[in-house]
Every structure is written in structure tokens, then in C-alpha cells.
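Which chain is which? They are A, B, C and D, in the order written, and residues in each are numbered from 1.
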Amino acid sequence: MTEPAQAPRFPTSLGTSDADSITLLGQDLAADLMGKVGFGELALWLVTQQRPAPAQVRVFEAVLVALADHGFTPTAIAARLTYLSAPDSVQGALAAGLLGGGSRFLGVTEDAGRFLADTLAGAAELPSDDAAFDALALAAVRAARERRQLVPGLGHPVHKVTDPRTPVLIRIAEEEGTYGPHLRLFEAIGRVHPQVLGRILPLNGAGTCGAALADLGLPPDLLRGFALLARTAGLLGHLAEERRRPIGMDIYQTVEHNAVYLPPPGS
Amino acid sequence: MTEPAQAPRFPTSLGTSDADSITLLGQDLAADLMGKVGFGELALWLVTQQRPAPAQVRVFEAVLVALADHGFTPTAIAARLTYLSAPDSVQGALAAGLLGGGSRFLGVTEDAGRFLADTLAGAAELPSDDAAFDALALAAVRAARERRQLVPGLGHPVHKVTDPRTPVLIRIAEEEGTYGPHLRLFEAIGRVHPQVLGRILPLNGAGTCGAALADLGLPPDLLRGFALLARTAGLLGHLAEERRRPIGMDIYQTVEHNAVYLPPPGS
Amino acid sequence: MTEPAQAPRFPTSLGTSDADSITLLGQDLAADLMGKVGFGELALWLVTQQRPAPAQVRVFEAVLVALADHGFTPTAIAARLTYLSAPDSVQGALAAGLLGGGSRFLGVTEDAGRFLADTLAGAAELPSDDAAFDALALAAVRAARERRQLVPGLGHPVHKVTDPRTPVLIRIAEEEGTYGPHLRLFEAIGRVHPQVLGRILPLNGAGTCGAALADLGLPPDLLRGFALLARTAGLLGHLAEERRRPIGMDIYQTVEHNAVYLPPPGS
Amino acid sequence: MTEPAQAPRFPTSLGTSDADSITLLGQDLAADLMGKVGFGELALWLVTQQRPAPAQVRVFEAVLVALADHGFTPTAIAARLTYLSAPDSVQGALAAGLLGGGSRFLGVTEDAGRFLADTLAGAAELPSDDAAFDALALAAVRAARERRQLVPGLGHPVHKVTDPRTPVLIRIAEEEGTYGPHLRLFEAIGRVHPQVLGRILPLNGAGTCGAALADLGLPPDLLRGFALLARTAGLLGHLAEERRRPIGMDIYQTVEHNAVYLPPPGS
């Protein structure tokens, strides 16, 4: 341990408060935000620290709605099992659910956003027409193949032809004027990948969400956070349903009853 | 281990999907929800599994906005420190922040909602005028005092006279027609408690949120979950700020540099 | 925000370090602890900040061994599912597993320790013979019944007659001279409860662990922490097995394939 | 959703139980393990599913003891802050602390083990003498430099010359006959790196732990888990100290009082 430091200094621009007022994002929370600004709009604003335009809010909320719930995902199951074990700790059950939001299942949004952003950043110049986007897409898909990596955003275990979220989100982005190079490149990937992969895969909804968020100017590092915010709402839905019609005990007992003991070698 | 069970059955009403469509809350996700329903509305709908009225959505979103961020709370600090240590895991940092959402700091919303609901449930009959609400409030405050317990929703370390969120949220509830017995009892507590406690305390914003949510028909067990959903947005704001202008290392070093080693007894 | 505080001061007795040495619990970590003190001994020492006697260490480690793993518990399943979803974050999978260590499944050790401690603390005088312990136990079981609460430590879903851990742990405590009033009261509960409950239940292993830890002088608030430390080792075993012979995907798919969609009312 | 699956089957070799006995790792838990096998030994056994030799146990426990606590790390601070906010959830505070066990601060053990294992695996043949180990080490350090990456295991912010844990752990490994190619390569890195890096750095304790664990045959993927197990004991020590002499509120208030509000641009 060293000598005491100077008085520390922790800057923040999120907000402050005094006896009579609360400032959030430069606004008076009570007078300017409550009842006037939606939660989705506030969430986007909290991350960018810039008031989003209505067009951006609509696309952003469409993304959150698209990602909020996917049924009995490993995250939802883990949340329900944790709630079963610790019903006095909603925050524990939520946290356990979110901790599954890693690379394998919830990472597509971030991975797709990052893949598209990296591809665009690595281009000699930004493509200006569909043919140029197609060429850039083709090169990216080929490079992924050489690295023995999947292209994030392609394919879905259930929606084999079209993921219904994809065309809707693209349309909303076009309506709101936020359709940009990431979505354009993503659609190009949708067109050209069969040439490289030898089969036709759908552009999945989570990947489209990543492209749409990237076109809102959001950095790849934060895309997983938005997917997690969306999923928090879905997890609350699962926990509410677990209170009313629980299945956690049945899941636990299904595993327990179907466990097969194989003695370890040497025993 | 026992014999294998019958084929298990896990019912859910949240949603389902097939090759061509995704159903969420009985709606077509892509056609009926994306771009048409806000994230706040969906979150409330996911929990109740009933489509909320616009009036309920406005009050609900006002609550989420009121609870989203409170500056450098222990939860925000824990989230930033965890992000510092594990920047590759946004879900870990979020989860760590939410795990502080327990009884001490984030529990007021739930505790107030529960206190008001229990008080109303324990009344011989639902009060019908202000005098009757005052009497019920007085009895509840006295009973809490005898149990040596604080009345949740009273007092605030900074807003000593009026918490600016309280009158605004009450007004919004009145505007939207959701002002009900919980808020009415809460205001009565605000009037009568000086008779018992000997001093005048403000009705705090988090408690008002609990009362407002209870008047939307939401059960006390889930109120903490809504506070956590709101706080998830605030935590994302903190993590985004930590990326741009980090303070986590400074917090860590402030503690480290000001640590004072006191050898344990007997060493 | 107020004016900056004075230089803060954070006392700790756990340890300190300088350029040449590391002090832990008043000892030189490298010279006195590594290779000389076991991990179980250190864990107990870290909590009490007093060097435990060998007798205490033996009982403590027997408790940890007894609690380390219980097969496919909800916590183990949640950990495996989280590891499936986020294989790059072992800390997330461990944390998710531990978050199920709440009141329902992992709480018996703490609840039993607390129940016994509270009963002893509430006695007019500490019982001095078996008859007096029996009387105290009988009163405690009756009081629990009147509160419509289960006596923690009684009963087991599988070990209907005797939980094999119980007699062994009691014997070890006797061998080591740590058998004290908590274990004695626990055995008394084992004798007398049929008079009140109308059936004979075994003293379960987790409850015996709580009694044994309480007789080591450990406070009830920390007993859950020791159960969690033990379970961390078990969860690492599950994660290691998940790497070699995964079942997480099978669990997820079992739930997914057996989901039954019941449309919400009104849709 | 598809048709129900066949009866699922979840194999495990960790253990099983019936009415009268509990089997863990092929042993009778109550008769063969409790009071006879230490917790550290069991933890290693649970992961490898092979009974470790006493030599391996001694080295393993020395590693756990070395990694258990490092004072006011970001993880310890996060755990204490979470315990402050949610004192009813020890599991939440522990989990929050562990979630900081990611790449930045707790990752050295894993990163060093992986770096050494990868280097050895990539060698044309296993080096047979110090000169060959030096050559392999030199190539590895150079390659890391070209990738603009640090060599994990080199350097320490406090122990600038010698980390006191390093020579002790190496000696213990030699005494127990577990000193192997990973430790030998690690020491070679300690000798040769000044040629590449232009300065002399110590081999740090966490890196030595990674090398020692790798020489026990443990795979890199699990090394972080052992560091987390060790750290769980340290965190319990912090939480126990927080109960007796709390600093969490002081940490929180230090940050809060020294917050500096910088209005966001445009407000």
C-alpha cells in the first residue's frame, strides 16, 4: 500500500441530483422525461448520450421487440431453474439468465454487427452500388470460409427459408431512413453466399438486428448489451409465468430421473 | 435414480414458432409487434400476458424512466468494476450490477408495493374517502413503528422535502386513470406519518413507483423485476460511458491506495 | 453531489503486500502458507481470521466434502446450460450455478444452523443433559409447527430412513472434540420430533453440516457461504464433465421439444 | 415445436445415490471420503475424475492458497458492494465477485497455462535440455512481440524483481516430482525475455500457478475455474470481514462524493 492518493475525481455525464431536482442526460427527469419519453428511447439515449431521433427510436424498439424472447432458450431455462432454487432473489434469477447471453446463442447480433463493420472498415472504399456491395460481400464470405468460420447472421435452425423478422426489420429501417451500409452489405451477403457455401441460407433475425443497430451508429462492443436488455424483458415474462404455472421443478426432475450413472474408470 | 419418466410436458403461453412464423403473446411477432409496439409496452405485456391499455403503458414507462439510473450506486460501481476486469463479458458486468438489486437499495419499489398491498388486504373494508384512508394509513404507520420497522417509501437522503418524481408520477397516474387505492393510501401515509414519527419525510420516488405499479394490478413479487429491467438500461449507459471515459480503474486504485492494513489479532 | 470527502480509509486485516513479500492473515504467504497449509484450512482461516486447530479443520473439510456435489441439482443444470451458451466464460457458468444457491435447495445448512442457534439463544439456560435437550427440542418443534414452518434439517426425498452423511459427521465431530450444543440439540430433534409431527424423519446431511459448523463457532449468516464454496468445487466438476461429455444441449432440446404452446387467453 | 423426443438420457460419472448410500467419484461419500479426503484433494478429483496422488494434491493446494486472495481487487470490491446492497443474498455477492474473474485480472493463470501449452504443442519436438528450452522460449517471446501481445506470466505491478510465490511454487513442484515442461519453459522465458523485451521482468505468481497446473495435466480451459475456486475462499473472507467491519458503504460514498458531473454535449 502506498501513501493516500489525492482526492479522486469520477466524472460522469449521465446525471446528477440535488435536493430539489434530478438531472438525467441533461434533462430534468421529472419535468422533461417521465411520461414524455418512452423507456426504449431512454435506453438508446443512455448509451449514446445523444437524444435519438424518432426514426432511430422506432428501429431500435423494433430490434428490442424482435430479440426479447425466444421461448425455452438455455437462458430462460437457467433463469427458471434459479428462480425455483432461490425464489426470494429475482435479481439472481435474472442474472443467471443473462449470464447465458454469451457467444453461442445470444452473440449473433453482436457478431453480425462486428462482421459487417469490420468488412466495411477493411474495404478500400465504401461500395456505392449493389454490384460493389456484392463484390465486397463475396470477398467477405470467401475469407470467412478460408478461416473456417461461419458467417454470423446466416442460417436458422427453424426458419430454413426466410426468418420472418428479417424483411420486416429491413422495411422498417427503410421507412425510417436508417437503412445504411451494414444492412446493405448484409443483404448482399444474402444474395451471394450460395456461390461460396453451395447452399441457400436465410438471413436470420438476430443478424438483421445487428446490422440495423450498426446502421444506427452503435459500436459492435455494445450490441450484445442491447440484446441482453431485450432479453431481460423476456426473462421477466418467463419468471412471471413460472410464478403462475411453474415448470422449473419438472425440468429438474426430468433431468434427475433420466440421469444415467456411468462409474468413472478405475472405480 | 429412478426409472425414466413419461415424456415430459412443459407448457408455455409466451410464444411458439414454426418455419414461417413467430408467435409472441398470441400475436405475429413480425407482422403485428415489430415497429408497432414499443419495448416498454411489450415488457409489461410479457409479464401480464394481457395486452396493456395505452394508459397503463404510459404509467409503466414513466416508472421505468424514473428508476433507470441513479448515478454511482453500488450496483453501477460493481458493474463498472466487473467490466474493467472482464471487458469481454458485457453479460457478466450487467449481471454483477443487477445482483446488487437486492433489498437494501433497489428494494424500496417492491417493499412499498408490498406494504401498501398488505395494508389494504388487511383492512376490514376498502376505505372510501380520504378520512378512511388516513385512518388506515395511521394504523399502518403505528404498526410498523411497533414492529421497529421503517415504512418503505418514506424519506430520501438527498430530497429532504419533496422527491421531484413523486408529484409527477401521481399526476400521470391521475391523467391516465390508473390512480388507485395503493397511491391513495401512499399519499395518506404522506399526510399522517408526522403524527407517529415526529418529523415530516417526503414520499420518495421509488416508493411512488411501487404504488403506481401496484395500482396497475402488478403483484408485489414482480415489482423488483421491473426495477431491475429499468436499471438494466441505466447499467448499459454506465458501461457505454465506461468504454468512452473509464473510471473503473480509478475506483479500484482509490480503494487500493487507501487500504489500511491492520494485522489480525494474534499475529 | 457534495464537496470532496477527506482522504478515505479502508481497513482490512486479510493481508497486504510490498515489493518483496505477501502477507496473508498475518503470515508470509510464500514462506508459511504455500505447501504447508491446505486450502480447506485456509478457507476457514480467511473467514474467522483466527488460525483453526487441526480438529476444526477436519470437521470443516468433512462438511465441505459432504456438500460439494449432489448430482443434477438445479444449480448444476443451470451451470451446464450457461456454459453451453457462453463457453468462453467459465466465471459466468460458475456464477449462474451459485445463484441457485438460495433458500430452497442450498439453504438447509444455513437454516438448520440458524434454527439451532436461535433455539439455544432463546433458552432460559443452556440444557445440561439429554432430557433437557429433549425438552428444548420438543418445544422448538412444536413452535415451528404452530408457525406452520418446517424444521430445517429433517427429512430427505431419497434417504427416507437415514442420511448416510449424518452419523459419519456426528462421529467425526465427536472424534475431534467439536461436538457441541448445536449437534446435541439436532440429535434431540431427531429423537423427539415424531411426537409432534406424527412420523419419523431422518436428520439430513445438510442440516447436520449446519449444526457441525455452528459448533465450530461459525455464525449462521456465513453458513450459506461455506455451502457455496463447497458447491463451487462440485460445479467445476460438472463443467469439466460438460467439456468431455456434454449434456447441456440435450437438456435444452429436451425442454424445447417437449414445450407445449397454450395460447394466452384472449388471443 | 416438434414431436416429443424419446426418453432423454443424461449420463454422468460424478455420482449417484440411493436410499442408503451416496456415491461420489466411485467412492462411498460417507464411508470413504468424509473425514478422510481433504477439500482440495476432492476438488482436483472432481475435475479429473481420477484420484490424485498426494504429490499432485500438495502442488494443487499450494496453487489454490497462492491465488485465494489479493486484497482489494476489483472482484473483492464488487463483492463487498453487492453484499452491502443485498445482504440477504450471499450467493449474489459471491457471484458478483466471481464475475470479475475474467480476462483482465484473473486471467493470467489460464493465459500463461495456455501460452505454455500452445508453445510446447507447436514445437517440432519437445525440448530435452535447457538450451533447447531457451531456444523455444526465445521464439515464443519473439512471436508474441510480433503479434503485439504481452507474454502472460511476466511482470507484476508491485513485485518488480521477484514475485515471492514463484520460487516457492517451483520448489514445491520439484519436491513433489510434478515439475514438468510447462514450468521448465516458463523458467526459460524468465531467462531469455530480456533479449527481446529489453528489460528484466519477474515471473509472476499467477503465471507460475498456470504452469504448475498445466504440469499436473490440467487443460487450459479449466485453469480459470481453479483460480475462481481459490478466489471464492478469498471472497468469503472479504464478506466475513464486511460483516464485522464494513467498508462497502464507505467505498460507495467515496465514489458518490467525488463524482463530477460534466453535462453531456448539447445540453
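The definition used in the following text is that contacts are C-beta pairs under 8 Å (C-beta built on N, C-alpha and C of every residue); 3 or more make two chains touch, one makes a residue touch a chain.
Just so you know, these numbers come straight off a predicted model, no measurement behind them.
Looking at chain B with chain D, do both copies bring the same residues to the contact (over half shared) or different ones?
same
With contacts defined as at the top, give the pair, C-D or A-C, that has more of them.
Of C-D and A-C, more C-beta pairs in contact link C-D.
Averaged over CA atoms, how far is the centre of chain A from the centre of chain D? Could you give it in whole Å?
Computed value for the inter-centroid distance: 30 Å.
For chain A and chain C, what's the span in angstrom between their mean Cα positions?
36
Distance-wise, how many Å sit between the C-alpha centres of chain C and chain D, to the nearest whole number?
Chain centroid spacing, chain C to chain D, equals 23 Å.
Which chain C residues sit where two or more other chains touch them?
Answer for chain C, listing residues that touch two or more other chains: 1, 4-5, 7-13, 15-16, 49, 71-72, 86, 88-89, 91-92, 95-96, 99-102, 106, 251, 254-256, 258-261.
So with touch defined the way it is at the top, what topology do the chains form here? Options are line, ring, star, complete, other.
Shape of the chain contacts: complete, all pairs touching.
With touch defined as at the start, can you tell me which chain C residues reach chain A in the complex?
Checking each residue of chain C against chain A gives 1, 4-5, 7, 9, 16, 71-75, 77-78, 81-82, 84-89, 92-93, 95-96, 99-106, 248, 251-252, 254-256, 259.
Per the contact definition, I'd like the list of chain B residues that touch chain C in the complex.
7-13, 15-16, 23, 25-27, 49-51, 86, 88-89, 91-92, 95, 99, 254-255, 258-267
Which stretch or stretches of chain C touch chain D in the complex?
These residues of chain C touch chain D: 1-5, 8-22, 24, 28-31, 33-35, 37-40, 42-43, 46-49, 58, 61-62, 64-66, 68-69, 71-72, 89-92, 94-96, 98-102, 106, 158-162, 164-165, 167-169, 172, 175, 219, 221-222, 224-226, 228-230, 232-234, 236-241, 243, 245, 247, 250-251, 253-254, 256-261.
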